[in-house]
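In what follows, chain A forms one complex with chain B and a second complex with chain C.
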Partner chain A sequence: MQTYQYPKSQALFQRAVQVIPCGIYGHFSPAPLIPATDYPFYTEKAKGARFWDVDGNEFVDYMCAYGPMVLGYNHPQVDAAAAAQVAAGNCFTGASPLMVELAECLVDMISGMDWAFFAKNGGDVTNYAVMAARDATCRKKIVMIKGGYHGVAPWMQAPGHHGLLDDDWRNIIRIDWNDAAAFERVIQEHPKDIAAFIATPYHVPAFSDSVMPAEGYWKKIETLCRENGIILISDDIRHGFRLDLKGSHHHFGFQPDLVCFCKAIANGYPISALMGTAAMKPMVSRIFYTGSYWFQSQPMAAALTTLQELKAVDGPEKMRVIGEKLGNGLVSAAARHGFDLRITGAPAMPYLRITDDESLMLHQDWCAECTKRGAYFTPHHNWFVSTAHTDEDIEKTLAIADEAFQVVRKKYNRL
Partner chain B sequence: MQTYQYPKSQALFQRAVQVIPCGIYGHFSPAPLIPATDYPFYTEKAKGARFWDVDGNEFVDYMCAYGPMVLGYNHPQVDAAAAAQVAAGNCFTGASPLMVELAECLVDMISGMDWAFFAKNGGDVTNYAVMAARDATCRKKIVMIKGGYHGVAPWMQAPGHHGLLDDDWRNIIRIDWNDAAAFERVIQEHPKDIAAFIATPYHVPAFSDSVMPAEGYWKKIETLCRENGIILISDDIRHGFRLDLKGSHHHFGFQPDLVCFCKAIANGYPISALMGTAAMKPMVSRIFYTGSYWFQSQPMAAALTTLQELKAVDGPEKMRVIGEKLGNGLVSAAARHGFDLRITGAPAMPYLRITDDESLMLHQDWCAECTKRGAYFTPHHNWFVSTAHTDEDIEKTLAIADEAFQVVRKKYNRL
Partner chain C sequence: MTAELIKSNLNLYAVLQNLEDLTAWDPEMKAFTANWNISIQFSVLKGPQAYILFQGGTCKVGKGALPDPVVKLFFLSPAHLNRMMDGKGNPIPLKGFTKLPFLAKDFARLTSRLEYFLKPKDELLAKADYLAMNTRLTMNTAAFAVAELGLLDPLAKLAAAHIRNGAVLMKILPDGPAVHIIFNNGRIQPGRGEIDKPMACMFMQDLQVANAFLNGKLDAFSAIASGQVMIKGQTPMLDSMSLILDRIPHYLS
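And then the complex of A and B:
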């Protein structure tokens, strides 16, 4: 196969570094992890599970905009609903009736949740959840998981990042994932001062394997929360609507007080949601929390159609099947070339790692070689699949992966 | 005139309170300030400076979605640019080339700013600015203005609100607006521990008059910042693009290190921007700051067209003229009925108050009576005008205001 070149992407990046910090930010920063020689930085258009960069190269996308794309790029029904709403109006002084319809739709769908509140970022609602838990309990401390990610507000970030103060973690306690005993100890050490426990439904740290909840873990956490008056927050921003349309807490059999959604909720239109139990409603109601665009109606129209479509096609089951086909194929391809490729997490959002590669360089190289042939793979973050990934996409991907394994096998003398 | 009824709005609100905290939130909460008997809560459609509620009532809007609407609702060019981008694709795994174009456009437009970074909420960028200031200075304290508003993150909110901890203000110092001497005192009290001064270009507190900067105020603040190594942050989220297309700091003649934009930047499509000087670029570059939808390309397309259109029509001048016509007309109408209506702030975003009304009830009633006749006025927040407000809109509004003055005059026995 011919490998892609990115002259236009690189030229744009050179313009970008003049006028944008880092040139490009977020998951693309620090840039060395995703080098501009191997990866396209700028996207021209997209359709289904594929996108085309500014150099005209075509990719099967396994990052799905880092989660938001769940039904395929430019999904006709979602985009039509969004466009129809914009034709009426988009961001009004008041709310649109769609806000009520969307809240009703979510309350109907999500297990055990009685209300919904809408914002823009995932971090808007994880932050709101924490404020609500503090207000509900009159306590300060928040227990979270080491390596857990809930957004970029200072308290959410891990020590070591820039722009943060020690004061930001004054009330944050981090424990290991799957360690219910650690949670018990923390409760004993801070009697009646733990406001909330917040975690993702299963653990998705960057740079290491995803870890499912141990048998009985969530039930134990739930019990400890109930017994000690602690608010249980499920951060379902990344997992939500990919594992279970009733919420990932339903999938894993626990009952949170608050659940955070974002990403897949509207197939790329910007909206997040905090949902909660009836008992939490008075507490969140008295908190002042708002944003300039939070009544914007276009993403609400998109969300209603996205949720409807996910139900209609049984999105989670479809993504499980596709994800398994992809994973099995990649593991086989790796094995044919003498590599042990380990896949963790749910098939709909797999984390991949070549185990016989301590430096991570071989795995990075393999991802880059795949990307340069049209299968967009990033090395140290979980991937996402969508309902739009077809058998043809998977076959193309597996052929690319096979060739890429051959390339790294030669490069690393694993012949 | 016939006054409006809101049966459908009220019925929707009754459904909403079942599934949404407060039923409706943000500026509409706590609800008593904007009673459902006087105000429409749900908007069906909008066009130009007008919107129609779910009961079919038509309003000339003076809140402009609380700022985002600046060129008129459903602006054909902005919506066409947004739709064209969505036809190519919206929220990609990578950025769109529009991100670079928009940063270049802003750097070209805004006085003294060398780069731009994009997020969603205004609060995303005020928060980022504060993190950058702390990282740049290795200091903790942030000086802000009593009654200033920079978003809803805990440190931004004023003590007294729910969901907050005393710890949230550990490093926040609030001083009075226009009191440069207070800033000097604070600098002396906390030598080398002030990271930033953040304020809006002029003061827009809720429930009281807007206050312009005193003669020499901003120059004095700027000098104190320079002399003491303090980062100067202009929060131009509310004022930006309504006073001066080079930034409100240009309008008032000062030079900040960082400027925050949002609201009017894309005529209702959700995007915010932090801009800064070259000296600040390395500091912001090393901070990890990102969000699920921050590469979304539709709002970037909308922003490019919005800024172009604002230039083409000289938006700030157009809004100044319209705002003065509105203000002068309202003051005259008030005087004819024996009321002293005081207008403060820029004509493009006036704050109104009937001075002979200590309880604020008469002013609230007057706003409600205007709204019930089709001029959407809220009582305790500055209003916004847009380039889409026509002479016909103003004439209709002044006729409504006249009749509403007559109604409250009778009701309060001011005959």
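And then the complex of A and C:
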């Protein structure tokens, strides 16, 4: 197979670092792509499950813009709904009636949730959820999971990082995932001082295997929250609408007080939602929280159509089937070449790791070899599949993966 | 843990250890110290201890105390040591009074040479030999500083706490120099040279790139994206190490 080169991406990046901090910052930074020179940095266009970079290279995409593209790029119905709304107007002086329609749609759809509040990014609503929990309980401390990610506000970031004050994390307590006993201990150590427990439905740390909730874990957490007046927040931003259209808490059988959604809710249009129980509505209502673009009607139109489409095609089931087909094919290809490829997490958002090398270097080499042949694989983060991935995409991917395994097998003298 | 104490640890264990490479790789200092046979003990009240041993044409800088040093230099406080390292104070000699002329003249020439290589000027960096020595010593200082800061500096400790067990290798291509830092259950052990089976690696394309990168003159993101600096493996170890290294300017200018 032909391997890709990226001269235009590289040239653009060199221009970028002159005028943009980091060139490309945040989760799009090339730094975790190893080696970065084997990856495209800039995308020209996309369609379905594929994108084309500025050098004209075509990729089957397994990141889906890090989650939002749940129905695939340029989905005709979603884009038509968004375009129609833009034609009518997008950013108004008053709220759009679509806001009511979308809130009603979500309340009907999401298990146990009675209202919806809209913002733009995931971090907007995880932050709002924590503010609401503190206000509702008159307590300070937030319990979260080590390695968990809830955004980039100071309280969400790990201690020791730049731009943080000691006070930003003084009231944050981190415990291990799946350790309900640790939560119990923390409650005892800080009686009546814990406002909220926030976690993703299952654990998705970067550079590590995803970990499902242990049997009874969520029920135990829920019980401890109820018994101790602690607000239970489900951060469903990454998982939401990929596991269960009623919310991932429904999938795993627990009942949070607040649920955060973003990413897949509008197939790439910018909107996030905090949802909550009726009991929480008066609490959030008294907190002033807003943003310049939080009332845009176009993303609301896109969200309504995305949710309808996900229902119509049974999105979670479709992605499960696609993800399993992809995963099974990759594991078989790895085995044929003498490698043990481990897949963790849900098939719709798998984390892959070649277990033969703890340092991840072999896995990084394999992901890079796949990417420069047209299957965009990141080595550090869970992948995402969409309903737009086809059998043809999977077959092409498996052929690429097979050749990439041959390359790394030679490189690591595994012949 | 006071800033002066952390700085004194950095001075003794991250800066002064460069004498080993200076006397090994700088032809002028190699010849100058070839016949030295002396041990010097540095002791700081309520602070670090280190020794320098010149023997058989080699220099060894170590933590702790020698049983019977030829010269023993005492400092009343970490700040006292730091003043001396900044050229603004003198130690209190407790032993080896006959060697005071050696300290004032010969040893001072050696430490001046170290300072010359550690405080680069652009015109000096244009010289290949100077560039090579400055780069080597700067990388050494960084590696040894990680160990001190990761154990002592409050913010660096937070970053170090997240670093998994394993070795980090930093190497200048094609043939070195290289340093490594081993993280093992809270212990941090730096060392010169390569190491087998590192958990994370940082390769710098050549001496020029390494020098610019280590001295903060090259945008790290640009360098990584362009392949001038290549990272691989458990790169969160490098991220956390970077947070630790960012603490150096709080103590050493």
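The criterion applied here is as follows: the second predicted complex is superposed on the first by the 408 of 415 C-alpha atoms of A that agree within 3 Å, B and C clash if a C-alpha of one lies under 4 Å from a C-alpha of the other, contacts with A are read in each partner's own complex, and residues count from 1 in each chain.
The definition used in the following text is that a residue touches a chain if its C-beta (ideal position, glycine included) is under 8 Å from a C-beta of that chain, and two chains touch if they have at least 3 such contacts.
Just so it is clear, the model here is predicted, and its values are computed rather than measured.
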| item | value |
| --- | --- |
| Touching partner for A:Q188 - first (chain B), second (chain C), both, neither | neither |
| Touching partner for A:Q364 - first (chain B), second (chain C), both, neither | second |
| Partner with the higher number of touched chain A residues, chain C or chain B | B |
| Which of chain B and chain C A:F288 touches, first, second, both or neither | first |
| Partner chain(s) touched by A:Q10 [first = chain B, second = chain C, both, neither] | second |
| Touched partner set for A:H162, first chain B, second chain C, both or neither | both |
| Which of chain B and chain C A:C22 touches, first, second, both or neither | both |
| Which superposed partner A:F207 touches (first chain B, second chain C, both, neither) | second |
| Partner chain in contact with A:A36 - chain B first, chain C second, else both or neither | second |
| Set intersection of chain A contacts, chain C complex versus chain B complex | 22, 24, 29, 41, 161-162 |
| Of all residues in chain B, those that touch chain A in their complex | 12, 15-16, 18-22, 24-29, 39-47, 51, 53-54, 61, 63-69, 73-74, 79, 82-83, 86-97, 99-100, 103-104, 107, 114-117, 120-124, 127-128, 131-132, 134-135, 140, 151-154, 157, 161-165, 167, 170-171, 237, 262-263, 268-270, 272, 281, 283-296, 376 |
| Parts of chain C lying in touch with chain A, wherever the complex brings them together | 155-159, 162, 166, 197-201, 219, 221-222, 224-227, 230-236, 240, 243, 246 |
| Touching residues on chain A, where the partner in the complex is chain C | 10, 13-14, 17, 22-24, 29-32, 34-37, 41, 158-162, 206-207, 358-361, 364, 380 |
